[in-house]
Amino acid sequence: MSDELRESCGVIAVCGNPEAANLVYLGLYALQHRGQESCGIVSRSENRLRVAKEMGLVADAFDRQKLLQLIGDSAVGHVRYSTTGDTRIENAQPILVDCAKGSIAVAHNGNLINSPDIRADLERRGSIFQSTSDSETIIHLIAKSRAARITDAIVDALSRLKGAYSLIILTQEAMIAARDPKGFRPLVLGKLGDGWAIASETCAFDLIGAEYLREIEAGEVIMIKNGRLKSYFPFPQRKKSQCVFELIYFSRPDSTVFGKPAHTVRKGFGAMLAKESGVHGDVVIPVPDSGICAAIGYSSESGVFREKGFARNHYVGRTFIEPKQSIRYFGVKLKLNPIRDVVQNKEVIVVDDSIVRGTTCKKINDMLRSAGAKAIHYAVSSPPYRHPCIYGIDTPSEGELVANANSIEETRKYIGADTLSYLSIEGMLSVLGDEAKDYCTACFAGKYPVVHRLPKASQFDLFKYSSINIR
Amino acid sequence: MSDELRESCGVIAVCGNPEAANLVYLGLYALQHRGQESCGIVSRSENRLRVAKEMGLVADAFDRQKLLQLIGDSAVGHVRYSTTGDTRIENAQPILVDCAKGSIAVAHNGNLINSPDIRADLERRGSIFQSTSDSETIIHLIAKSRAARITDAIVDALSRLKGAYSLIILTQEAMIAARDPKGFRPLVLGKLGDGWAIASETCAFDLIGAEYLREIEAGEVIMIKNGRLKSYFPFPQRKKSQCVFELIYFSRPDSTVFGKPAHTVRKGFGAMLAKESGVHGDVVIPVPDSGICAAIGYSSESGVFREKGFARNHYVGRTFIEPKQSIRYFGVKLKLNPIRDVVQNKEVIVVDDSIVRGTTCKKINDMLRSAGAKAIHYAVSSPPYRHPCIYGIDTPSEGELVANANSIEETRKYIGADTLSYLSIEGMLSVLGDEAKDYCTACFAGKYPVVHRLPKASQFDLFKYSSINIR
Amino acid sequence: MSDELRESCGVIAVCGNPEAANLVYLGLYALQHRGQESCGIVSRSENRLRVAKEMGLVADAFDRQKLLQLIGDSAVGHVRYSTTGDTRIENAQPILVDCAKGSIAVAHNGNLINSPDIRADLERRGSIFQSTSDSETIIHLIAKSRAARITDAIVDALSRLKGAYSLIILTQEAMIAARDPKGFRPLVLGKLGDGWAIASETCAFDLIGAEYLREIEAGEVIMIKNGRLKSYFPFPQRKKSQCVFELIYFSRPDSTVFGKPAHTVRKGFGAMLAKESGVHGDVVIPVPDSGICAAIGYSSESGVFREKGFARNHYVGRTFIEPKQSIRYFGVKLKLNPIRDVVQNKEVIVVDDSIVRGTTCKKINDMLRSAGAKAIHYAVSSPPYRHPCIYGIDTPSEGELVANANSIEETRKYIGADTLSYLSIEGMLSVLGDEAKDYCTACFAGKYPVVHRLPKASQFDLFKYSSINIR
Amino acid sequence: MSDELRESCGVIAVCGNPEAANLVYLGLYALQHRGQESCGIVSRSENRLRVAKEMGLVADAFDRQKLLQLIGDSAVGHVRYSTTGDTRIENAQPILVDCAKGSIAVAHNGNLINSPDIRADLERRGSIFQSTSDSETIIHLIAKSRAARITDAIVDALSRLKGAYSLIILTQEAMIAARDPKGFRPLVLGKLGDGWAIASETCAFDLIGAEYLREIEAGEVIMIKNGRLKSYFPFPQRKKSQCVFELIYFSRPDSTVFGKPAHTVRKGFGAMLAKESGVHGDVVIPVPDSGICAAIGYSSESGVFREKGFARNHYVGRTFIEPKQSIRYFGVKLKLNPIRDVVQNKEVIVVDDSIVRGTTCKKINDMLRSAGAKAIHYAVSSPPYRHPCIYGIDTPSEGELVANANSIEETRKYIGADTLSYLSIEGMLSVLGDEAKDYCTACFAGKYPVVHRLPKASQFDLFKYSSINIR
């Protein structure tokens, strides 16, 4: 259950539309699953950039009055999730600064693995950092570039970065979008009337009525100025490393990701899992909602009927007060309740998209047994998740990943299932077909396509201050 | 799509537990789907009643500090939805008053059709009303009863009422629960350790760990005092009129309602619909989430594969700001987006639980066609909804119900479907089996089991003041 | 220092003005010193009453949008302070109900000493009470009156009441104002264009631009209907008992109270105090702000120069977090800081309007000595406060009143002054001149002009429930 | 009336106390008059800095939970007022950054007149700016300094600055305080137990119980490390330019400013004004509260009795909704109401501390005449305010200063007074005695002691983006 993993960000931009900020706001809402901690929009009107940022959800943060102040025909927005203890308005994006290149706003999705080095180097050269976000590094490099033209300065800055970035930059004259040469994180291009739209996922286009044109390519830099779009490929071409977990879990099922419809790929994973595992039972039940697509594939392939095994509570709030005499499976039960009539006296095949820590799976299985399930076959539509991501997904440390420290059999025992099946890496790749080679599978296989001597964790040790988020 | 109908309330009580208020709070959260406008809890400790009420959702309204103040081993809670223009804290429940019988708190689910008459009569006799809620009427009648014992006073009061009530009353000495002789709205009894629990639905019991014992019977009055429960049947027995819409839509699928598991009954409705309609297609897609259970039944019966046709946005807020150049299907699109790959070039069978106004269905069908659906067979797992409910469901007026003013063929055209199938009343009843006679089907058939000369609407005209809810 | 006494309420009404609610809102702001716990406004437009109530200050509770909804040319408002533990939105006023006389809103300033009896009697006859406020009693009596005309019903109800009431009642047809026959609490009448204004104090008239006409007389009932005002004196004439503490402390110094300018009377008290005490020193310093007016009189009479002895912090919030190593005189120091240069090596005459508990005076004197004062002559411009008020002022119990349990000499020692002078009752009355007989001096002399067998405290014991104010 | 001028900031620090943040919080509350827009605290515990910042007042921004998170024995705080349209959380201080010198927090009171130049230069060299505050410039210079030791880097940075700064800097090892060589803005040093306190004004020391030791000298840099304090004078000595307006208006009357008790100096100004003007009348009334101290001096010197001419409303909120039929003198009347009995038929001498735009004075005089004043002698305890401050006070532009564009006689007519007297510059200086030469009088005389080619206004034009403050 990938609830324990967090996509770090979502980005969206609109240019050439008189209601740019309002459309970006709706686009952020469509991308809300990519980040729930903070959100922000920068708009541009006649060379002047305006910003509004806030902690919390898009729907709560913006009202009509605020959107009316974000005037102009271009705007860029950002939703963010962040690592624990780091929830600060200072880290909200887009980052808007003044520098020799004028006013610049940057919205970034991804993680820069050499950011601590660059940061240390920039500090040695006198730069100051006001956030813990590695995205601030990018804007420093742009500001410090000796290139005269802003696009050159951006290319100059990007050439120093290692790791993952899907970026949107708004300057006083242009909108620039860029995707790292490995193409870790998604970024798509769309047409919106006479103007343009750029977003992390196509589901944002669907809501605002933009037409999906194509992916922004790995290594591509796009500049939109005076309504015209130019494309650049300033970096040497490299083997692609698209994040396969976008297709497993992160992206919305209605999005087209890396050129593929996410829902269909997930069904493929589920079907391949059924084929590989050969496990049968009385009924297939997905762990809602992340296991639903794969369960459809599993059911289709295995011929086992798919049922609704859990009712969800849709009014989930931030925190709930547990009684002192604590309630069994409290955390999970607040969200899910087994439907007894469906699982009682049944051999159930529980389809989940992944197992991270395993603690939630254990509670789910315990609940299912309490509800009368005769046997539980846990089927996971991705390979064992063994290695932390360093390209923009917030993952628990290696030691916390149940599949890192334990064999499959040990994991099965831990989560309390009768059988436990994972999709194999090969099976997963075969679903992706010819493009299988274009994907990063580091979290499963442990081979990181881009490395840097400093481990990710140390980046935060370098940073010596913390913050309290008031209100 | 029954989003346009609103259950008016949910009730829950716990007695004989040192953390009564905390458990009631969690129970209210499990019943949140029955009312999102206001919530409240009254607790009792040593003959003293304490109250906390608030507009909004349970998770936002209560924090640890507030729950700690609601001391005592008995508590009753209420969630409420209300009619438009009537969102006032004064209408929040439980209603807590002081009267000759001492302090009394009342939590009520249902609608009293003779309330305007009683109210007018009470006013003539000098009573004052501080809310527009008909539940206030009940407490007036209790206070005015000449019966010495509180249970007698309650029976005395209830005997004056016509319509629907599932009530929980907390006094300084006892907890009393009552269900009207027709049994319109559900009410269930559970055991929680040494104490008791009472709730609108069993899903609340599942969360707090109470064991479901049985329904409180139609016409039954239960009194719990000093840990002991007594049951009374003070009214003449009448033919039952349980609300069939609880099984179609209102109750959570994991609840047991009127003794039946809601999910299973819904599957039965879907299967019968498939049998009756005989409509086939390439794929069955439910309107999420209310159509899911019936779609499972439809798919099972028809053999047509069930797919996920829509992605839902789970971050739905209260209001969204639409751009001036309005977005097509805006309201629906904020919640649902078709998954193109699933519906493109397909004959889709869309399974919905009901059609109320029809406007949402029309937008859904338009979206599906935009996403490439070749044909749309709209299949509704309940009969045409033609008559407003007067027993506790907030329904649009007759003229707004698309099935009241239009033939099925006209409705089909209006919602833009290729075919439109409804479950027949007979089909619906056959799924309910022997107990079919115990259900109210007034909204479909128009035969109201309990009537009173005043139409419901006039109740609000009698009331001459309105209120503004500050914050 | 009368910070420890609390005026219970302020009332204001405007009729015959298209912006009635907006003017009432401003009037409430001018009367904010009479109650800071909750505020409310009821407006009337075409026989329909609309209400908005909130906990907190007027400036926070109302915004433009809310005022715009309170349409109509008549409105009544209320600010309230309440006894500890009793801060509930249910107690906010105006109370708006529906009854046989139609919709009625009541705003009440004062305290009804026979309310517990009436309440018990009403409960016996079947009435229910939703608040702990004795004002709810009034509306019950009106509703229960057999009189056909609303004014008759109001007179009927008022004739049952003992104690203090300055009332404004808004019905669907008329505005009625009434003052009890003893005239305990103030109520004034003004002209505002073609319409009328009624308020607790004239300072509200000054802000909204109304012209002060006269007091509403003790025992007078005024009805304004269709723009015309009628005056009634339905009760037998009685000796007046105007609250002398309104002139000592409660009313704003710019108000005309009981026909007298408050500031001038306070100066008179201070001058008489100087005459009686004969105490001299180097400098007169008032305890800000309540001692300022009397200090002017004291200085004028004694010839001792008046200085500013304390700086006030004007940003006082509700609560402040004290360090664990607590700060000396913390509570007082947050508000006041001695100006060292003024008091150092001086014999200071500190003029205060009253001493209630004495704890604050003690801290003030300690601070003054720390700041170098050579001697402290504490001069109080009212007699020793010995007896709790039962007519609408929230007073500590007898035992907490320092002057009740202690001799003047003991009090002097307790508060740490070198001398302590009080104004004598005779001195106070002589300042009031011929009307001295029209004042209630029960808090000083202990002779209560209206009594009832039940002591005030028991009223709250009768009431068996409490409430938690959420947000 | 100096309400139209705004002190830009207040600063406070505590080190060597286990409750440093809590004491800083109280100190900020005592300095709230120096800035009401935003507030912030940075604490240090074991080399780690923690920050909390918020828009709004200190009492609203911090609660116990937040203070508990600001652990450590050293803390620095800041309150800020800012120019219109510039109310952004990004501008709140202390500014906390990471740089080559480690984590550094800066709290700044003052205005740097060469900041735009330095900023442009820094941007040319690649720096980025995230706020419009000139305080950010200081931290950039520190970060860029080649000096190895932090104190040297600070001195290096400060040597580049022109203008006014009273600074407190918290690093991972030390607390540093600095005051510019001209000493424009105040800064004082105190002892608090074994530790130290630094603040803008001594009134903050009084509240937290610190003992005032001395001013931090103009041009002095103080470093506190491991409990020991060192003092440096790294800059060439210069003629002092202490802001005389701190003594006229900004500082609290109970503070000792530039070594002088503010209240006593203000009395001196009032007495000198009385001597110079020779105006007599029936009564002296101060404009509250800023005119009170001078009025005491005026009364004392002239022998004219001082009265309370106005009642103040102490519940002033941010905004009030004015009726459409607007109320006369609305803005002033919300705060002040003349006490009719005091001014009626009197020749009143109104003592004010200054006249800035003159619009408020005009309303005050109009109100006084409406209240019956026979003649109004307006007496101002400072010279005509003719030139904007460029050293840290937010002043209207030259054209808006009534004394800049108009003769005294024209001003008198404009404000509607019978006579208008100002204190002369010579008179003002004579009150200051031997130190008169140490004061800046640029706002009166127009001779700016430190100049720079760029006018202050242009600094904001350089900055190209604006921000919306959400919530």
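Letters A, B, C and D name the chains as they come in the text, with residue numbers starting at 1 for each one.
Rule of thumb we're sticking to: contacts are C-beta pairs under 8 Å (C-beta built on N, C-alpha and C of every residue); 3 or more make two chains touch, one makes a residue touch a chain.
Since we're looking at a predicted model, the values are computed, not measured.
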item	value
Steps needed, at fewest, to go from chain A to chain C via touching chains	2
Chain labels contacting chain C and also chain D	none
Computed distance of Cα centres, chain B from chain A, in Å	37
Mean-CA-position distance for chain C and chain B (Å)	47
CA centroid of chain B to CA centroid of chain D, Å	60
Numbers and ranges of chain A residues touching at least 2 other chains	62
For the chain C and chain D complex, residues of the former touching the latter	19, 22-23, 25-26, 29-30, 32-33, 36, 57-60, 62-64, 67, 203, 206-209, 252-254, 261, 263-264, 289, 292-293, 296, 300, 305-308, 310-325, 327-328, 333-334, 337-342
Sites on chain D touched by chain A in the complex	42, 47-54, 61-62, 66, 69-70, 89, 95-100, 102-103, 123-130, 139-140, 143-145, 172, 462-468, 470-471
